[in-house]
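Chains: A, B, C and D, in written order; residue numbering restarts at 1 for each.
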Amino acid sequence: MTNPYRAVLIVHNETSTGVTCDMAAIRQAMDAAGHDALLMVDTVSSLASIDFRMDEWRVDIVICGSQKGLMLPPGLGILGVSRRALALAASHGGSPRHFWDWEPIMRENRIGLFPYTPATLMLFGLREALRMLVDEEGLDNVYARHTRLAEGVRAAVRAWGLPFVCEDPRTASNTITAVRTPPGVDSNELLKHARERYALSLGGGIGELNGQAFRIGHLGSLNELEVLGTIGGIELACADLGLDIETGSGLLACQRAFLGSGARITSPALAAVV
Amino acid sequence: MTNPYRAVLIVHNETSTGVTCDMAAIRQAMDAAGHDALLMVDTVSSLASIDFRMDEWRVDIVICGSQKGLMLPPGLGILGVSRRALALAASHGGSPRHFWDWEPIMRENRIGLFPYTPATLMLFGLREALRMLVDEEGLDNVYARHTRLAEGVRAAVRAWGLPFVCEDPRTASNTITAVRTPPGVDSNELLKHARERYALSLGGGIGELNGQAFRIGHLGSLNELEVLGTIGGIELACADLGLDIETGSGLLACQRAFLGSGARITSPALAAVV
Amino acid sequence: MTNPYRAVLIVHNETSTGVTCDMAAIRQAMDAAGHDALLMVDTVSSLASIDFRMDEWRVDIVICGSQKGLMLPPGLGILGVSRRALALAASHGGSPRHFWDWEPIMRENRIGLFPYTPATLMLFGLREALRMLVDEEGLDNVYARHTRLAEGVRAAVRAWGLPFVCEDPRTASNTITAVRTPPGVDSNELLKHARERYALSLGGGIGELNGQAFRIGHLGSLNELEVLGTIGGIELACADLGLDIETGSGLLACQRAFLGSGARITSPALAAVV
Amino acid sequence: MTNPYRAVLIVHNETSTGVTCDMAAIRQAMDAAGHDALLMVDTVSSLASIDFRMDEWRVDIVICGSQKGLMLPPGLGILGVSRRALALAASHGGSPRHFWDWEPIMRENRIGLFPYTPATLMLFGLREALRMLVDEEGLDNVYARHTRLAEGVRAAVRAWGLPFVCEDPRTASNTITAVRTPPGVDSNELLKHARERYALSLGGGIGELNGQAFRIGHLGSLNELEVLGTIGGIELACADLGLDIETGSGLLACQRAFLGSGARITSPALAAVV
């Protein structure tokens, strides 16, 4: 292989910044370059909440976990592997491997087994989660719901006048929104107060954003009312700490965004029961 | 007994109207009348959310269930009985009874048993609920929280301009608020839409209020953010159905009520975890 | 009504003695007498473990609970009522009733509701229990399994040389076996030791059998191996207390009974998973 | 480092053969050789069921999981690391690492956090498991119980006349017993029948023992009665398949072993409830 690149590794949805990559464009760029690198994608915070097309985008390796869009506790690492990647792994003699070897897992899976102790409770949960997502709500409705909820969150942030960490609105994530706190405000203080006073769990700024940003997660099992509670809670926490944002402005903007959405779709919680 | 009344039966908190009785005043009136009737109180929708004082008010029989302020699934009927009521039940030969007899239960309870199959899972749950209410949050904080949440709900209803079923604000319940819908609006339609579109479960008008009122429950495990979600959801459902209330007015009023409350108490959900 | 009897009340399976009534014979006797009394049957410890035929035996009222053959926690009272009993209840003006009135429940049930707070968790559990009993194992297999397990238990008791409380083997219950302890042995001591040393929960003698008998429950979710553990545990407890029964005799007899049964039916635990 | 060995890796309890290593002797041998190799021990199938002394034996790295002696579902990998191993890892610049780096985990752990998404449900479960093992039953009692149960299992296997895979009785494991099936018998057939007919899950022969051995697990939450059910079930499965072992011989031998043990310790299941 004269070409030095073996694989392109992409995080589909970047949780620290709240940015979603345009996978179709990445695939097109690779095709345009005539490059045969493997395409590997981390979908941990997007799968089952944001549209992802392994086949259409010819993704070779998809990595995911159970604890986000799949609405389960942490405990499963999920891997999707293309035939091309499988063949490459089987043919390639270079790197010795044991724990990372796919072959024993696939061999056992064929007869309904697993080479190590499987997390059976999680597998039962995964079956139910897939029923809820695919059969009861429908994946297209799931994606539309997360678009709607994310637009509500973004409307609130704009009303507050706080800058998004994600600078290009076209790449704003539908599962997480990272927001910069005003200068002089320690975002970790805000998180602590929201958690202790309102049982509201926000994400902190990661890496160089530590102390300068907070993150609002809006993926998985979630509906409009929970988003309103979240936005209202952030405002209450900000007011308690004397931050200069107009209390209620985000709440109204968020609610207005939901109103305008005109959606008439049964919410997932109910669909699961009926 | 020349006096024809044997007992005064009171519902401490009336769920269909959202009215809380002034138990201290009732006790005083009975004392002033020199009446020896038993005082029996239904606390199903108040106990552990609204202050209740069996000893101080010399209540003879207190009836409660597990599924409201005690935050458990339905399944336990709970009875508090005064020594006077016990003595009366033991001495009174008039009415034959078996299932309603307290004696077998008390006899078995003394040795840690129960005369019928006990709902053991509920008893474990009750032990944990009491830990949360008494040890972790503290009953006074629980009562203060429900006062605060109820004031938020009432502020929202006033902002909507809708009449309360409870006409005297001094008796408004801190666990449930019944609201009259505008003339011409079927409250059952509103309930149905809120449930199906927003997974929001409101109570219907009961008896002659059927179709003319809806009820907002705010007892048990609940915090400010959940109340904001509830108020916001009612507004969205009303807007969807074209009801003439100003969307966002209740949400803002509710949030403002929480802001003004100045409370700095750790919320119960978090206290239970830490 | 010149005839003084309004109803015949039968306990299908008597838990204190371990006797099952011959319901078909009782129905025949009532028919032979040309009597129109209602036939009411308590099936608490038999339904879903021992064959019961409400329609064929023209039973008017069937009473059951959730916590035995239906394999759920205690919490549901279940009532089956014939059209004849319904008509009688509706037409009969004699006895005032409220809590005991069927009409409100039936009216609400028709539209998927319940007049009081329903035990929803139990209803979900009941749906799953019925799937396990009817779809996965099949009721006939369930009854055959309980016959097989009961025969194992009875073989053990005979090997011990201890008398059954149930004197006629033809009426021995397939869900519970009551056994007399040898003279001079307090059965409550045996129970206490089995519970504390072996985590084995046996039933005590009830009423006049208190202290003189113990009861082995074998209904609901149970298989051969659990019965062997139970029989072995009783023997260990007896040996610890110095009772004069031959340790191992019951265990061998029970196992031999299972061997001879020739059954090749998949056990229920597994059926439920696969 | 002139010495070619950096570490001695030991599996404390070998699940495929049912052999427990003598860790004290291994430590002594290493000391006698004056060797400074790290001592790393896999305790997956021994910890919390068989005595293990990290400090006394100066073990540098202990590896365990949640799903065996700790009585939890699979989901936690647990690592114990000595100060010496920590210092070595910190000082050694040779091997780049990220996922395998202990430093981020220790840094976050110090402030109650975790660098990745923690399996919180498992951590709550672990807290309860430790309460049960250490506070309620007591580790010494836990180890004594597993010795007692293992002796019952071994008595049964000897009665059957089947050879142990573990040839030296002094190293027989107290958590798992591997048994050779008679020549001509496929142990996988036995496993399949035991699972499908008796819901009894046995382990298969691993590697070259595949088809020639089966394994009886007896670790974690287990008591005498469950062992009797297991032994009785193996005998029933063998009898169904026509294997030449005397039905009941193992059951009797196992029960006799329990009888002779003279233990009067409250079983763990009960201790946890009381």
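We take it that a contact is a pair of C-beta atoms (placed from the backbone, for glycine too) under 8 Å apart; a residue touches a chain by one contact, two chains touch by 3 or more.
If you're wondering where the values come from, they're calculated on a predicted model, not measured in any experiment.
Participant: Touching both chain A and chain B: give me those chains, sorted by label.
Facilitator: none
Participant: Could you name all chains that are in contact with chain C and with chain D at the same time?
Facilitator: Output, common partners of chain C and chain D: nil, no chain qualifies.
Participant: Give a one-word verdict, same or different, on whether chain A and chain D use largely identical residue numbers at their interface, taking over half shared as same.
Facilitator: Shared-number fraction above one half, so same.
Participant: Taking the mean of the CA coordinates per chain, how far is chain A from chain C in Å?
Facilitator: Inter-chain centre distance comes to 51 Å.
Participant: Chain B to chain C: how many Å between their CA centres?
Facilitator: Chain B and chain C have C-alpha centres separated by 38 Å.
Participant: Among the residues of chain B, pick out those that touch two or more other chains and give their numbers.
Facilitator: In chain B, nothing touches at least two other chains.
Participant: Hey, which residues of chain D end up touching chain C in the complex?
Facilitator: So the residues of chain D touching chain C come out as 195-200, 223-226, 228-230, 232-233, 235-236, 239-240, 247-248, 251-252, 255-256, 258-259, 264-270.
Participant: Where on chain A is chain D touching in the complex?
Facilitator: Within the complex, chain A touches chain D at residues 65, 67, 73-75, 117-122.
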